[in-house]
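Below is one structure. I have some questions about it.
Chain nomenclature is as follows: A, B, C and D, assigned in order of appearance, with residue numbering initiated at 1 for each chain independently.
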Amino acid sequence: MPDLLVLDRRLIARGVERSSTMRFVFWLAPWVALLALGIYAAALCFYYGLNQTHMDNRFAFGMWIYLDLGMIAMGAGTFFTGFLVYILKQEDLKPILNSAVVVGLICYSGAVAVLMVDVGQPLRAWFTFWHPNTHSMLTEVTFCITCYLFVLILEYLPVLLRNRQLRKVPSFLVFEYQLHKLVPVLAGVGAFLSFFHQGSLGGLYGVLRGRPFAFRQGFAIWPSTFFLFILSAIAVGPSFLMLVTAMAETLTGRRLVQPSVFRKLGSISGVLLGAYVAAKALDTLVWLNITSPALGFAPWDYYAYKPFGWALLFAEIVPLGLLPAFLLILPLTARKRSWALCGAALGCGGVLLNRFVLTVQTLALPTLAFDDFLRYIPSWQEVATFAGVIAYGVIVYSLSYRYLPLFGQAKGGDKNVSVG
Amino acid sequence: MTGRRNLLIFGIGMGLAIVTGWTAFPRALYVRREQPLEFHHKTHSEKSGLTQCDSCHVLGSDGEFGGIPGLVTCAGCHAEKVGTSKSEATLVDGYIKPSRETPWLVYSRQPANVWFSHAIHTRRAGLACKDCHGTMGESDQPRIYEQNRISGYSRDIWGHSISRLGRAPHDGMTMSDCEDCHRRRNVEVGCLGCHK
Amino acid sequence: MSARYGFVIDLDRCTGCGACMMACAAENNVPPAPARATPRTGLTPMLVRKVSNGIEGTARREAFIPIACMHCGNETPCVGVCPQQAVEVDKATGIVMQMPQRCLGCRYCMTACPYHARYFNWWDPAWPVGMEKSLNPGVAVRMRGVVEKCNLCPARLHSAKEKAAAAGKKEIDPADYLPACAEACPTGAILFGNLADKNDPVFSAAHSSDAFRLLARLGTEPKVYYQSKQAWVKALAERDSDRATEAQHA
Amino acid sequence: MKVTRRDLLIGSAGAVAGLALTPVPWKLLNDVSIWTQNFPWIPQPAYGPVETKYSACTLCESGCGIRVRMAEKFPVGVAGVRSHPLTKGALCPLAFAAHQLNWHPRRLREVRHAGRAASWAEAQAAFQKACGEGPIAIVDGRPGRAVSSVFEAFTRKHNGSYQAVLSAESQALAPYADWSGVPVASLGYDLENARTIVSFGAPVLDGWGTPGRFTQLWSERAAGAADPQLRLIQIEPSLSRSAARAWRWVRVREGIEAQLAAGLARVLLEERLVTQPGPMPRLSLAEAAAQTGLAPEAIRDLSHTMMENRPVVVIAADGNPAIAALNVLLGAVATPGGIVRKRGEVQPHVPDDPVPESIRAMLVDSTVPWEFAAQANAEVFRFAAWDGGGDRAGWLLPAPGFLEELTDVPTSPTSALPTYAVAQNLVALPIGVQSAAQFLVKIDPTMPAVEKVIHARCGEIFRSRQGSVYGEHPIAATKVDSAQHLEEQLRKGAVWMGEPPSPGKFRCELKEWPMENRVAPATSWATAWVPPVFPALATKLYQESNLREPPAERRG
């Protein structure tokens, strides 16, 4: 125990004050427990197979895919801020960059982990690289996500290497310095990769000719959802960063970034969200009136089944699309932190709802004339596995915050209930 | 100074790994097993005057391949002990008398998910046995059967060179070997053309 | 010349006995259900579904629709989506082939199939002790965690090919290749043949006025045709709006 | 020089880098994937060559022709035989997985007495003792077989009685037998010549009679057509498979078949729809209508429809005499398209002996349905290949399973033509398993062996010079050169079929209209299926799909 204390102290950067070791341990404990539970649930799935879930032949994708899509969308803030800072030279966003990298790393590694549980034969997953089917959106996703995960790790390294202890290793310093010069390039590559897989995640469902509820016309090989996903992801990415940072701020009770950064993120989010909602509405109209009828599916059929009525579509576009866009654009509300955060939350909610509709509702709706609407409730193993990933995220973020300079060298001590 | 030392240590670790990986690993990967009997293709073809493979490894009228001849064929000559070898005793007392089929270890046995038709490859494509089975027919003692500890496959499937470089044409029976041959003869078959 | 194998199933002749399902499962070494399996987690490469005209009382009519893989010939939904080429349309036969040994079990193809004709191995395949001796040598048992479906009884095509080769013929004798379900049907409702061959009975049957295909408007050109003289059965081909409004009121 | 922890770290880093340049990671990755493709715990099918045999299914009395694929001495596939004259390649759904039955968890392999393990010797001794004390009875579920005559001979010799448990199809023919004196086994339905078939709840399209015979007739002449050659009218309370596919479905109340028959008879007689007069039912049309839940008009229409295109024949689900009487009234007895008498010498249906009040011991053959309730206080010797569940007092004797026993297959009850087939023992009998015939021969060596009886019957058929033998290609019996050859053919899976029936030959007298109220036995979709268990794959039909309702509890 004592040497744990010593180690903990040694790892914290000089001149930075963090909460007491005990307090930190208490904060982590429940999350570690949750993570353990998640690992146990995943182990069950590996050992007994996917009969541990409540997915079935008709609901072949379940909660995991939905939340993967959600997480990846939220993680979009990383590559996008990187893109803004290094490519569009928005230097003033730099302070949140490190934090953004951690968030991205968590979202992507978490998603990949869950995917490995989700597939029936993880030991053969590498076949995708050996025998890739270049026409498959999933191949695109797999390649991009894996590559981007490496990029994220490379982006994370310099942050990691600035840890007080690691700095002591001279060669590491050199390495970090070199790496740092590389970061803009990485940001560029990351942006490129992410643009693509955010898109291909959307394409995943847009190409499903056999599921007219999800099927969309598009440009070249990409259905419209491909572009909508990119747009929606980069729209709410910054919002999510706002939320995370705000959360960190409340938990640590410290100002971690300047309000100006918040406002900037907010306005970017708002504008993009507005654009997205417009595009989304247009796309919906085209689909309802042209695409779907052409495949022999009456639009109102989709919304005939409760609880997934028209309300869902409305909610996605107006209260969770237009409204947050305004909240984040209009100076009146955008200047107010609370309103801005509220807008950010709504925006994220809207995109999460969009992912839900595309993954879950698509599978719940019948295709054959003599089929019925399907129901699916995830099993505890599914929920636990995912909860484990959330816990993993919290743990990684907390550790990174405590031992690494996430928001520049934020000096000064923590105030109230602090966790970092 | 330290830099060079580190480099040295790094190199040593690397060297060790490479050497073991190329020498010890292949040995460790395969378990070596004896055939149940000392069967000599050479002796049998000389004694019986049967030189054609398919005079023992028959092809049925509807193209079904007989594989290794059953005990009945052996019993034709070995109903009683011929010679005094230990293996002879095992054959007669261990298998023929209790009429137990000989548990041969088949070097070229493909997994259950592979469908290979000898009829198609010999009759239609006109391949010779040795094109795939090499000089099996002239063997004057049974090879040791090497079985992959993980996949359970015979070593003949992967081929004897672990790197698969510079192999004899008939050394190796992996899917890519089949594909190569098909590509050379531009024979196009789908997955289920060879899988079942 | 390349064949286009398919079915023409006469729904008026189907009594829903289930012989096709049993014959299919036995031929293809499909394992029996574990205790927890349900109609939604089962393995039924050939599945007979019961449908009705939706009326209660004496006016009620019921029919049975055998559903196997439709072997779609255009924009085959499951082929494009598979990330590692575990599904392909065979050039020589038009069969949509599913390769369990290549499959990683991502189930993307299952979400892509509008006919729900693909099944996932949720459990390890298991038979009562000794029953493995009753397995068909022509077919490999699939492992847990992969997708499987109707591959049109490849084992039977294999032996047909082998027979042809042994006889020195290039083309197989059509009589030698009949999938288990078609062979098993006691009323001859399941007609199997080469849709590309004008002299084949399925060709004329598929082009008869009573023939239709399920969700034809998706444009996937399924190679399984259905046939019925009854209007309400034909109406099941497409998902029309009445049923939706029906559901609205329900 | 001193090796520090740092050195170890760097060294192993080097090792990791080095390994990447060796086959280790790559070959392992590959082999592990191959391992996932052949998990060791997944069963492997047989490897050897496959041979095809022909035989007859013995799981119910239909005796369908089957083609069996064998690998490594065990059946690996069952299919129908197109050239079979009666079943024409059709089988019931369960038959396609019948080869799994011998491996069923409920398979009996050891003698059990009062729920505990026992030996054949004990069972033999016990039965011998019982025979000594007498009287005994032998219950046969499928009369007319070679073994049936062994049973009969045994009972004759050891002051016992021979009892037969008849299938619903045979029971339905019993009234005609009573009225005409023609044995049930000699009667049959000439469906091929009928043009209207009225089924009183008989599952004519779902396992009734011989699978394939009527279903194919129906699919060729009736399916889907608005005005079919062959009209099927199904009278049933619920929309069964037969009702769903019938030309007309008449929905009636439960258990009022007799009343409806009476109502129809009234209309037929009053309106002179039938030529010959018959006894008038006591029930008035109004009463019949009230009890059946149909409008009088509906009953009148129905009787008119029945007469519209003839010949018409009525099929009962069980031995309800009122429905049989309807056939007599319709003139559907001893006429083409009705109830006919099979031509030639059919294996005599062994008549039931009168059952003594108290029976010392009862030997129940494995062909008797598991539900059969033996007479109380009799010591029961039950032969069965599978344990149907429920704790049974007395002896449970492991009988041969699917294809494990040489037996003959007499004519299926509904058939209009006599048939004869032999089922070979294609599979070796497991240790500890014995058929009832073998058991009896052990007790009384003078009993004829089944082989002998079959041989004798083949001789009779050869001498009768009737019909044809349906092997790969049918040949007239007159062309068969010897009884020996005929027997060989049959043992190889061929089936003999006699000449078509000639009209007349017997009459049914109706003194008065029979009015017997009985509730037809509930027919499950596998009632004809005698084994008390289902093949493992049957789960496809009810558990893994909604095609069929789950079978009753006793099913394995």
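Brief remarks follow.
The definition used in the following text is that a contact is a pair of C-beta atoms (placed from the backbone, for glycine too) under 8 Å apart; a residue touches a chain by one contact, two chains touch by 3 or more.
Everything numeric in this text was worked out from a predicted model, so none of it was measured.
At the far end from subunit D, in terms of centres built from Cα atoms, lies A.
Closest chain to the protein centre (all Cα atoms averaged), using per-chain Cα means: C. The interface with the greater count of contacting C-beta pairs, when B-C is set against A-C, is A-C. The distance from the centre of subunit B to the centre of subunit C, each centre being the mean of the chain's C-alpha atoms, comes to 38 Å. With centres taken as mean Cα positions, subunit B sits 51 Å from subunit A. Subunit C has its Cα centroid 39 Å from the Cα centroid of subunit A.
Spacing of subunit C relative to subunit D, judged by their CA centroids, is 29 angstrom.
Each of the following residues of subunit B touches two or more other chains: 6, 60, 64, 111-113. Contact of a single residue of subunit C with at least two other chains is seen at positions 38, 41-42, 49, 101-102, 124, 138-141, 143-144.
For subunit A, residues that reach two or more other chains under the stated contact definition are 121, 124, 127. Every pair of chains in contact is given here: A-C, A-D, B-C, B-D, C-D. For subunit A in complex with subunit C, the residues that touch the partner chain are 49-51, 55-61, 118-122, 124-125, 127-128, 130-133, 135-139, 142, 204, 207-212, 294-298, 300-301, 304-305, 362-363, 366-371, 373. Residues 10, 12-13, 15-19, 21-23, 25-27, 29-30, 32-33, 37-39, 41-44, 47-50, 57-58, 60-64, 101, 124-125, 127-141, 143-144, 180, 183-184, 186-189, 228-230 of subunit C are the ones that touch subunit D when the two sit in their complex. Interface residues of subunit A, counted against subunit D in their complex, comprise 121, 123-124, 126-127. For subunit B in complex with subunit D, the touching residues are 6, 9-18, 20-22, 25-26, 29, 60, 64-67, 111-113, 148, 150-153, 162-163. For subunit D in complex with subunit C, the residues that touch the partner chain are 36-39, 41-48, 50, 69, 71-72, 74-80, 89-94, 96-97, 99-100, 102-105, 205-207, 211-212, 215-216, 218-219, 223-226, 239, 241-242, 244-245, 249, 251, 535-541, 543-548.
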